[in-house]
Each structure stands twice: as C-alpha cells, then as structure tokens.
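A, B, C, D and E are the chain letters, set down in written order, and residue numbers restart from 1 in every chain.
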Amino acid sequence: MLVLGGTYALLGIGLTLIFGIMNVVNFTHGVLYTFGAYVMFMVVQQLGLNFFLALPVAVLAGWLLGAAIELTLLRPLRGSDIDTTMLVMIGAWIAMQSGTLWIWGGVAKAVATPFPEAPLVLGPVSVSWLRLFVLIAAALLILVTYLLINRTSLGRAMRATFQDHDTASLMGVNVDMIYTSTFAIGSSLAAAAGALLGPVYVIFPQMGDLAAVKAFAIVILGGLGNITGAVIGGFILALAEELGAGYVSSGYRDAMGFLIIIAVLIFRPTGLFARAERVG
Amino acid sequence: MMTARSVAMTIDKVAVRFGGLVAISDMSFTVGEGEIVSLIGPNGAGKTTAFNVMTGFLTPSAGRVTYRNTALAGLKPLEIADLGLVRTFQRTSVFPNDTVYDNLLIGLHRQGRVRLIDSLLGLPGARASERMLRQRASELIEWVGLERRAHDAAGSLSYGEQRLVGVALALAAEPSMLLLDEPVSGMNASETHRFVELIRSIRDRGITILLVEHDMPMVMTVSDRIVVLNYGRIIAEGTPDVIRNDPAVIEAYLGHGAARA
Amino acid sequence: MRAISTIVAVAALASVPLWLRDPYLLNALITTGIFIIGAMSLNLLLGFTGQLSLGHIAFFGIGAYVSALTSLGFDVGLPGDFRLVHTPWPPIAGFVLAVVVAGLCGYFVGLLSFRVRGAYFVIVTISFAEVVRLVALNWVELTQGPLALTSIPSIALPLPGFGEFTLRTKMHNYYLVLVVALIAYLLIARLVHSHFGRAMRGLMENETLAISVGIDVTRTLTIAAVISAAIAGAAGSLYAHYIRIIDPEVFAFINTVTMVIMVISGGKGSLAGPVVGGLIFGLLPVVLRPVMAPEAQWIAYGGVLIAILFLLPRGIVPSLTQRLGRRLGRTSARAPVALTETAAKEPA
Amino acid sequence: MELPVLEIRDMVCGYGGVTALRGISIDVKAGQLVALIGANGAGKSTTLRAISGLVPPREGQMRFEGIDITGARPPRVLASGIAHCPEGRRVFPHMSVEENLDMGAYLRRGSGEIAADRDRIYAEFPRLAERRRQAAGTLSGGEQQMLAIGRALMSRPRLIMFDEPSLGLAPNIVERTFAIIRGIRDAGTTVLLVEQNAFAALEMCDYAYLLESGRIVLSGAGAELIANEHVRKAYLGG
Amino acid sequence: QTIKIGVNEPLTGAFAASGTYVVNGAKIAADEINAKGGILGKKIELVIEDNKSNPTEAAAVAEKLITSDKVPVLMGAWGSSLTLAVMPKLMEYETPMVVETSSSGKITTTGNPFIFRISPPSAIEAAAFKGIVDKLALKKVDFLVINNDWGRGTAEDFSKMMKEKGIAVGLVETMDQGAQDMSAQLSKIKGSDSETVIVTTAVDQLTLIFKQAAALGLKKRIITTGGSQNPDQIIAQAGAAANGTMHLTTFLPWFPEKTPNPEATNYFVSEWKKRGFDFAGCTESFRGYDGIRTVAAAIEKAGKAEPAAIKAAFWDIKVKGLNGDIVFRKSGPEGKESGQSQPNVYLIEINDGKIEMKTL
C-alpha cells in the first residue's frame, strides 16, 4: 500500500506539474513511465550496469525525452487551445507506445535487483527490501520536487509563467526555458516512477496506460497544480484500491478508486485541496 | 430628490467573512425604486463583495438581502437574475470568441426563451423570436456606440471597448435593477460624460441603479444618494453634497485632491 | 451555398454503395460511420459547451449493451430472491431503449457536470466510463462479463403491412448508419443554431457572465448531455447489431480516444468537423494497413495526427474555411490574438 | 538639447489581421515623464506592448539608450532597463502578494536590497502589507492594481511604463500613486505613462503625445495639450 | 500461383507478444511445407494481418482477408472475444477458420460450422486434469484467474470438475488484464483454508503472482492452467519464487522425447532457435505451427483451395500435431456443429529453476 501510494504520488506530482501547472493534458505521461522502466531494463539487463546507477540514468533519459517532446511538439503550438495540445499528445502517445513495442517487443521484461529475496520482517509486517528502497527513493524525489517548486525562484517563475505567461515574461522570465524545463522535470518524474516500479513488477509496452489514468485521477483528487495534494491523493487512491480489493471484490478493485473520485468531486468539486477563487 | 418612493432593495445587517478576514460587517441600507445609489469606499472596502452577495455569487455569513419583497437568501445567481437583478463585472467580462453582435444575442437570452422543441423544429414562434432578438441586439450596440466593432470578436476589443460591451450585456438582460461595478474605469472624461447620459436614460426607463465607482466627478453628478463603506462598515450615507464634505469620508477615501472634483 | 454543399456531400455519401463493391471497404465505412455518430455526439459536448468527456464511450457502450440485451433477453437474480427475466424483443425496440437509457445516463452525468467543470469533469467522465466497464465486466449474470454477448440479431425494420425487413447486407447497414447519422447531424445543427445553442456557447466562453445574464447552467448542460448521450447510445446500438458481439472491451479507453481524435482533428465546434475527421481517421488504418508493418502503422497514425494539427491547429474544417474565406476576400470575425489564455479564463 | 533615451521610429504593429499602430514615432528623454493619451482602442496599450516586446513590431525601429531593441523579447527588454506595468492588473492569481512582489525582482540579485524595496512598497501601500500572504487573485480590484504597480517598481528600471495605473483605485490612492510616479521621475527614472485621467496626466507630464486610430496626431508639453481645443473637447470632457 | 491462408492475429495492442509468437510459429510451418514442395503443387502464402487486439478490427481483418485477399481459409484470432467477433463473418462468407488459441466454450457451442479449434477449451483442460487430481490429493482449492473469458471460463469448468470429484472450492478471485499488483488477492487467499491455488493468466501476471506470493509468504501449492505459461520466462523472471509451482501445459518443448511426435517437436524447436526467437515462446508458437499444418492438411485433402471443400475436408483429416493427433470431433448444436480436437494436457513442475515432468 505504502509503496503503491509512494509511486502513485510520484506519478501524480509529475503530472500535476504538466497538467495542473502547464495546463497540458499530457497523454505521454504513461509512455514516459514505461520509458523509464525500459531504460532501467536496458541499463541493468542489456548493458549489465549497476542497479543504482540505472535510476539516475532513467531520470536523465526521461528529462531529455521530455525536453525533446516539448521542443518539437508543444513549442510550435504555444498558444493553441488545450484540446489541440491534448490531441498532439495523444498522437505522440500512440506513436511512442508503438515505438516501444517495435524496439523492445511485446514480451514482458523483468529487471534483476541487488536486494535479497527474503523480506524484512518487523514484527507483524514484512516488507521486501526492494519495496522499501522504492518507497524511500520516491519520498526523496517528492521532497526535492516540493522544495524546487515552492522554495526556489525557478519554482516561483514556473508557477508565474503558467498563471500568466505574458506578464511573467514582463518580469524577465524566459518563458520558453520554463516551458521546456517544467515539461522535462514532470517527464523525468514519470520516468523515475517507471524505473522504480519496473523492477517491482514486469515491464511491457502498455504498462503506462493504467498508470497514466491513475495519475490524472490523483492530480484531480489533490486539486490541480497542488503538489501536496497530489501526494495525499496518491495515498488515498492506493488505500481505496487496497480496501476495495480486500473488502468488496477484487473485480471491483479499480472501480473503488474511481468511485472515490466521483464521490470526492461531488462533495468538493475542485478536489480535496482547492485553491481560493473569487468572482467579480 | 428624496421624495418617498417604494423600496426596491433592502440590505439588512449583512456580514461576509473569508476565513479570518472580515470583508463586510453589519452593512444595512436600502435602494429605492428608480433611484441611482452609489456605493463608494476605499479599495478593498467590500463593495464588489456586496455585489457578489446581492447577486447570489456569495452567501453572506450573516444578514439578509431582500429585493422587491423576495428574500434572496438561498437563491442561486440564475434565480436572482430572473428576478431582474443584473450586474456588470469589475474586470472586463465578455464572451471573447464571439462577435460583439453575438455577445448581445447571448446576453438577450432571457428575452428569447422559447421551448427547445420549437426551435428544434424551426416553428414560426421561434423564428419570430429570433427576429426580435436581432433587432434588439442592433439597438443595444448602437446605444453604446459600438456599431463599428459589431462584427469583431469581443476579445479583440480594447479594454475600454470591452467595458462597454459588458454594460450592453447587462442591459440586454432587461434588468429591473442594474448593479454596475466600476463601469467607467478605463474611459476618459469625455467617454465618461457620454456614459453618464447613458445611465440617466437607463434610469428614465424605470431601472434602479446601484453603482460602484471611483470616478468622483461622475459619482457626484449622477447619484441621488451615496453610501460610503470603509473596512466593510458603512461610515456615511447621504446626498453627494453631504458626502463631499464629510470629514471621515475625505480622510478615508477622497483625499484632499477631491476638492477639485 | 452551405445547403448546397451539404446536399452534395449527402448525395455523394448515399451513392457510395452503388459503385463501391468491395465489402471490406464498405465494412470499414460502416464502422467508421458508427464512430462518426459517436464523434458527433461528443462534439455537441466538447465543441459547443466546452466540456470534454473522456468517458463518452460509456454512453456508446451502454447503448450497445442495452440494445443487445433487449434483443437477446436475460435472466438475472436481484437481491432478495427476485429474478428479473426478460424475453427477447425485436432489435428495433432495443435501438429505441438504447437511446432512452443512454439519454438517462447522460442526465445523471449531466447533473454531475453541474458541479464540476473542465479537468474535473474530464475525470468524472473517465471514472464513470471505468465504473460502467467494470460493472459490465463483473456482472456476469447479466452481461456475461468477459464471455461476451454473442449472436446479437441484425436490426429489422417493421414495415406495416409487409412484415419486417431485416437489414442483413452491408448495403442495408450502410444506409441505416447513413440515415441515423443524418438525423443526428440535423438534430445537432438545429440545436446549436437555436437560441439554446447560443446559451451553450455563452457558457463555454464565460460561465460567470453567462449566469449573470440569466443562462441556466444546469439545464443547458444537462440538456446537452442528454442529447449527446442519447446519440452516442444510438451509435452503440448500431454497433452491437452490426458487429453482433459485444464484450466489455467496447468501453476501452482507446475507443473514446478515437472519437476525440475525430472531433478535434476535424474541428471541434464545427458541425462538419467530426465527419471530416472521422472519415480521415476511420479510413486511415485501411490505407496504412497494406503499406507498412503493424507497429509502423500506429506510428504513422500518430504522426498524421500530429501533422494535421501542426498545419491546421484549429482542426481541419475551421482552419480550411477560414483560409478559404480569406482567399475569397470575405472578412471573417476578427479573432482576438490570445495575449494570455490564462488571464482570459480568470473570472475575477 | 539632450538625446532621447527611448526612440521609436515609424513603428507599425498589429494583431493577426488587425493593424493597431500605423507608423508612430515617439521620443522619450532621460528623466522625463512622458504621457500618452487617446481614446479607447487608439493603440496606447499596443504601443507599450510593442516596446516591451509582447507584440513584435511589423515595421519600424526602437532604440533604448542607443541599443536597438526592435523585436527583442520581453526578458531582454527588461534586462536592458525597461519595466512595463501592464493594463488590467495582471497579477499572478494563485501566488501570494509577497510572491508577486518577488516576481517583480526576478532578474535582480541580492536579497537584502530586494527586501528593503519590498518594505518600501508596503509602506506606500499599507493595504498590501496587511495582505502579504493572501492569494493575489482574491484581492479586490484596487488592491490588485496596487500590487501590479508595486511589482513593476520592484525591478528598479531606468525607464518604467505604466498602463492606466489609476484604474480602479480610490481617489486618495490615485493621488498617492501619482505622487509616487512624480517621485520616481524626480529621482531620475524616466517614465512613460498611459492614462485615461488625461487631465491629471497632462498636468504632471513633461511632454505628451496624443494617439488617435494608431497615429500620433499631436504632441507637445502637457500645458500645450490642455490648452488645445480638440483635446479639451475629446478627452477632458470640456 | 500460390494458395493463400489468412492469418488474423494481434500484433499490436495488449496481446501483441502472444500474437507475434503464434505468427512466427505459423511462418515456420509455411516455410517447412513450401520447402517440401508445397501443397497441390503450389506454394502456400500466409496473408498475415494485425487485428490490433481489438474485436472490431478482428472482424474487419476477416472481411479483408476473405473479400480482398480471397483467402479460402483462415487461422485466428488468438483471444476469444477476437474470435467471437470474427465468427459472424465466417458465416457470412462461408469460410472456415482454424482457431489456434481461444478457449471460450462459446466458440464451439453456438452453432458455427466454420470453426475448427485445436486449442483446448477450459472444459477439455478440466477433463484432462480430472485424471490427475486424485494423485495430487487435493482437498480444497482457491482460484485466482484473469478477469476475461479465459480466466472466468477456467474457474467455472474447473470448479465443476472439482465438485464432481468431491473437492471443495473456496475463493474465486479475479485480476484485471494488465493489473500489476495482486497482493490484495493473494493476501485473501493466504488467509483461506485451502491448500491449493489454481491460477489462470498469461505469463507476465504469473511471474508477478509468484514473486508477490513469495514476498507474502504464501505457502500453498500453485497450479497454473491454460497453456500460456512460458515456464522458461517464468524461471528467468521470477527466479526462486517459481520453485515448486506446477503447470498444466499443452506442449513439452523441453522433453521432445516425451511428446507424441518427437521428431516434429525436435524440428520445430530447432527451427525456432535457429531463427533466433526466444525459447520461452515455444509454448505459444507451436499452436501457430500446428494450426497452419492443420490448414494445409485440409487443403491437401480437399484437393482444391476452395472454402466449402476445405471445410468438408477438416472433418476427415488426422494431423500429427506437436501435441498429439489433431482430429476434429463434433461440438455444438446438431446440424451446425463446430470442430474441436482433443489435445493432450501435461503437468510439469518447476524445481530448482528446472522444468520437470510431473510423473504421477
């Protein structure tokens, strides 16, 4: 549950940057997640390099791919409406997913980890070492992102840019650079989530689809653009699914998550952590 | 001026809080039928907030607003608009991607209600109503003097022009009482002058007007009565002449340059 | 001018089965046509009220299941030892029920949409579709779950005095789809050009202002959602009776995405947009299939999508009419140049 | 006669198919307060947007302190010393008042000086100090306007352009704002001012331009324009 | 001039990996047949189309193969819903199809006389398993199955068989196709009082289940069914967690000598390796191989490449498949029966990372 929540949160904050702050309905988020996992696979299994080295490589690769997507696909459409960019991202999603299928084939891959198979037993709970590592790594990444967005002038410039980019540019912000780096950071977080979860599960071309839908749900649950909200939303969704599977029926496991979302939005139409708005 | 007339709107002990912040406290005043009342006060005094309460966009923390004997508590903005209480917005507010003309057609929604099935089948009733709407829309455009821009997208107009569209939109809704939030901000003295004429002619059609405005020369010429708000409280109320010379108002709001106005 | 081009287009479409003898292409046109109807219904919401439903396939799927179950019959246990038994009805009744039930679902989702907007609406619709899919998957007694409903009969039209006429051949089905599509098109056209359509546009562009001039948000959105869902349900019913098997896979996200692609690439908010976008993206796979490897087909599909948007960012139909209009020297409304989209959206 | 810091030559500028400026030339001399007046839709805001690089000019030349800034993007224009306080407030709605002010100092280094400037603005507009942590989007219209002015001042420019700074401000705050503007001019900062309150603008400026339908139709010292019959009739309500 | 055979398989989408394996197996069969001179003096040509793991597409592909490419016979379409979507087209154009993988009972029971299936539906698998259950001394079993026709069908048919044998059936848990975390289901199963879990799903989820079961300390006997296990991939990916698991499978590429047709198995496995494919794929791809050989035999028997003749010929052929003789028996409503062959089913066990034949 915790591990799931942690990676959901990671996926969620990556997307809340791109969707919540940049206002791009990013259909490639799931592919970037998949991509991170395949990079992990490539580095560990195909190149035979160290597992701990692979993680930063995957993050970097996600960053570069994200930057490339922003530069080639989003920049020329700057200023078009949100549905147009969404559709371009859908196109990219379809093409990239088939690309992974082409490159790596449809057969699922697994990544060997350096952790012992035997779980760590702490009283009544037993956790596998790998999952513990994933949780810690995810928590660190979340913390770093939080500080970056809320405590640095780069983070402030990001938020300003997506609230009003003309005015931000009047403040001296290089908005092009901000667009690219925000998308790249969001992408690298998705890749990180994939790289962390790839070894826990197995890796295949469509693994990102469900992950992406859940990421969207988490972002909404937590309130658009709210990092803390995304983290909490991630854990709530994981918890709901776990309880749903445990107490209702495993067939309705995912339904639980979605029902929670519908319920939350009925009672709080702008997510759990809405930002203040005014009329007039 | 102060002849006894029937009361259109009563604001009774209204208070609004945002978290710990008190935006309005214990505000009470009335607006008579056909009267032009101005609500003035320093920035952040709570004027727009008062408008939001009167039009149902905000629920007051305490107190009640009554319009023509209907308590507005619990009514949605739409239901209040149906009572004939229509407002403009302080920020420019238009339908940006439609032409000025189409903006007004949308604004004329309340006049053009026909049964859905009629318009789906293109029945004569629906068509006659369409013709009427087009006629009205052209009149309104002429009235605010935007004929030249009628077929430009409203979002491409300059700031001041958009404000005119906003007023025309409110008028299109055929209000019985009009709430204007800083209508002449962004207009120069001559344009303001024209606007004053416009307001007077609106009032002459029997429409009650509540005005929020910082342009003192305009407020002083057009108002029958002025209510002054400061930090959410009413600090003065009376005719323009009384208000102009009220020391508390000068101190909190007018400043000493106001002598010129 | 516009009427003439519409008539020409309809005549051209109606003549297709007379000269196109290839059943495979006809089949592709029929399924494409069915999805175009779905796309038109989506366009009503997305293009004219600005609400993106990424769960639109739910209404389509509900229509398909309702229609199939009506014509196949079922026998399910309800809580408290009740049994609900239904003996098969003619498929045409299934079609009508599909429209009605999908419309009702649209009503409930519409009520929800009164509370949430924009991105939040998107997620509610996705969630709704997922929940419906999971019900279809897990309520095995009714829907047969993943075992699929099979042997769904073809639609038969009752002809008073002549018995009934079963639409068995491709040509029959082609005309059925064409007729339903035309009705849907006309309905939507009337709606959006009416007074009511203006209310929808107002809502889409500036909701606060729309409310304050007296536009009823709930009613407007709900009516749009009901009509949209009902049309999608009709499409679903056609689908079920044409493909003749349905399983919970009809609710697959990619099916919604297909409709979204058709609408936005063709031009949301334009009546002909979904038709043009639908024909392109419905038939593109047919064109790509013989020329490249399967994975490459998808890559090309995505690439074409991106290319169209790069060239015509507002969608094919609006961008082309704008260009044509400029060439013909007509002055179209001056569109505002977005200095900042974000500021435009702030209500304050 | 000193040379102008800002020279604009025959600038043509527009939006999509619309031409908003049809060849205007403006000179702003160092340390002066220059006013730009005109009716709604005349092109005043467009002029300021063109200078700050928000709307690229189609033709013409712009030089600031001798350096060509034609077509430069806003960050470069700001870096070269020109700040622009835009029309319609344009605060960052989901950021606090304080963060908005800090955005004004985005290109500056040295947190000590920035904090001092911030305090100076709080002193000028005590209302903002009261609302330090409030999200700017929930401020009242006038409060937002004060914030926008304060934010522009935070960049410490050598030339500052105000687009209708008095918009939505209470009379006493308008007075204070004009005093601030005069004050920064007196302290040596060049000012380009667009105002609907034409009388006040003409009264305090050193030089003024009148814009009509995208063309400069008149220019001269403030007093000259006040005296002009056409100006009196069309802009001063007289 | 060639004889065309339509192949309708998922090459993209969720089932891409399996569909590709089947197609590769089919290509081996075609090449082998052509190397020996083809049939009826002509080479055979596979017309391979991707159905995108999507029923609508599967139907469209069938339409294309039959009407544009004019194939007289097809093989396909892997998943049951894909096959079910194709079936009305077979009726429409009266063209037979060999079903190589799908397991849904409906395929052969709804009265489609153009269907000839070589894969075992779960009922046949259950029947084959019936002979072994006594030796395993099962008392109570839980099910963990993929939530599709295959998993659901297996749970149903195996439960029925178990109950006949007096074995209690406990939980029936499902998991969605593509689900990655099955710990909730496994925890539930861990807490039940059964000693055996029957698991039905594809190899990827099996791998995850074994790993997650090991992490949870689930110590029950696990038996997988369905023949899509690719045990080698499981061993490679699940490692020690796979030890002790048992698998009902329909092909034994590890022990050619134990298969009904050792020579053919040897040939197929060596050819598969020679082409550089992953050995793990053998357990899926052999169906494509068998399917094409079955089709070829029917064409040969028919003496001409025409749908009606081929359809009739299917009833008369006996092909030495890699997993026993392929002989079609009638199944479904009278007069409109589909053909169903009866493949062998074996139980294997993974021990110390090696596959062993379970001798009982």
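Criterion: contacts are C-beta pairs under 8 Å (C-beta built on N, C-alpha and C of every residue); 3 or more make two chains touch, one makes a residue touch a chain.
Bear in mind the structure is a predicted one, so any value in this text is a computation, not a measurement.
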Starting at chain B, fewest touch steps before arriving at chain E: 2
Label of the chain whose CA centroid is most distant from the centroid of chain C: D
Top chain pair, ranked by how many C-beta pairs fall in contact: A-C
Taking each chain's C-alpha mean as its centre, the one farthest from chain B: E
Between chain C and chain E, centroid-to-centroid distance (C-alpha), Å: 36
Centroid spacing, where centroids are CA-atom means, of chain C and chain D in whole angstrom: 50
Whole-Å gap separating chain A and chain B, where each centre is the average of the chain's CA atoms: 46
Centroid distance [mean C-alpha coordinates] between chain D and chain B, Å: 29
Shared interface positions of chain A, touching two or more other chains: 98, 101, 163-164, 166-167, 209, 251, 254, 276-280
Two or more partner chains touched - positions in chain E: 12, 147, 174
Chain B residues counted as touching two or more neighbouring chains: 18, 48-49, 57, 89-91, 156
Chain A to chain C touching residues, read off their complex: 19, 23, 25, 73, 76-77, 79-81, 83-84, 86-88, 90-99, 101-102, 162-167, 209, 213, 216-217, 219-220, 224, 249, 251-252, 254-255, 258-259, 261-262, 265-266, 269-271, 277-280
Touch list for chain E against partner chain C, complex: 11-12, 49-50, 52, 54-57, 59-60, 63-64, 67-68, 80-81, 84-85, 87-88, 104, 106, 110, 147-149, 151-153, 174
Chain B residues within the chain D interface of the complex: 18, 21, 41-45, 47-49, 90-92, 149, 156-161, 164, 182, 185-193, 214, 216, 252-258, 261
Parts of chain C lying in touch with chain B, wherever the complex brings them together: 187, 190-191, 194-196, 198-199, 201-202, 205-206, 208-217, 223, 331, 333-337, 344, 346-348
Contact footprint of chain B on chain D as seen in their complex: 15-16, 18, 37, 39-42, 45, 87-88, 127, 134, 138-143, 145-146, 164, 167-176, 196-199, 233-238
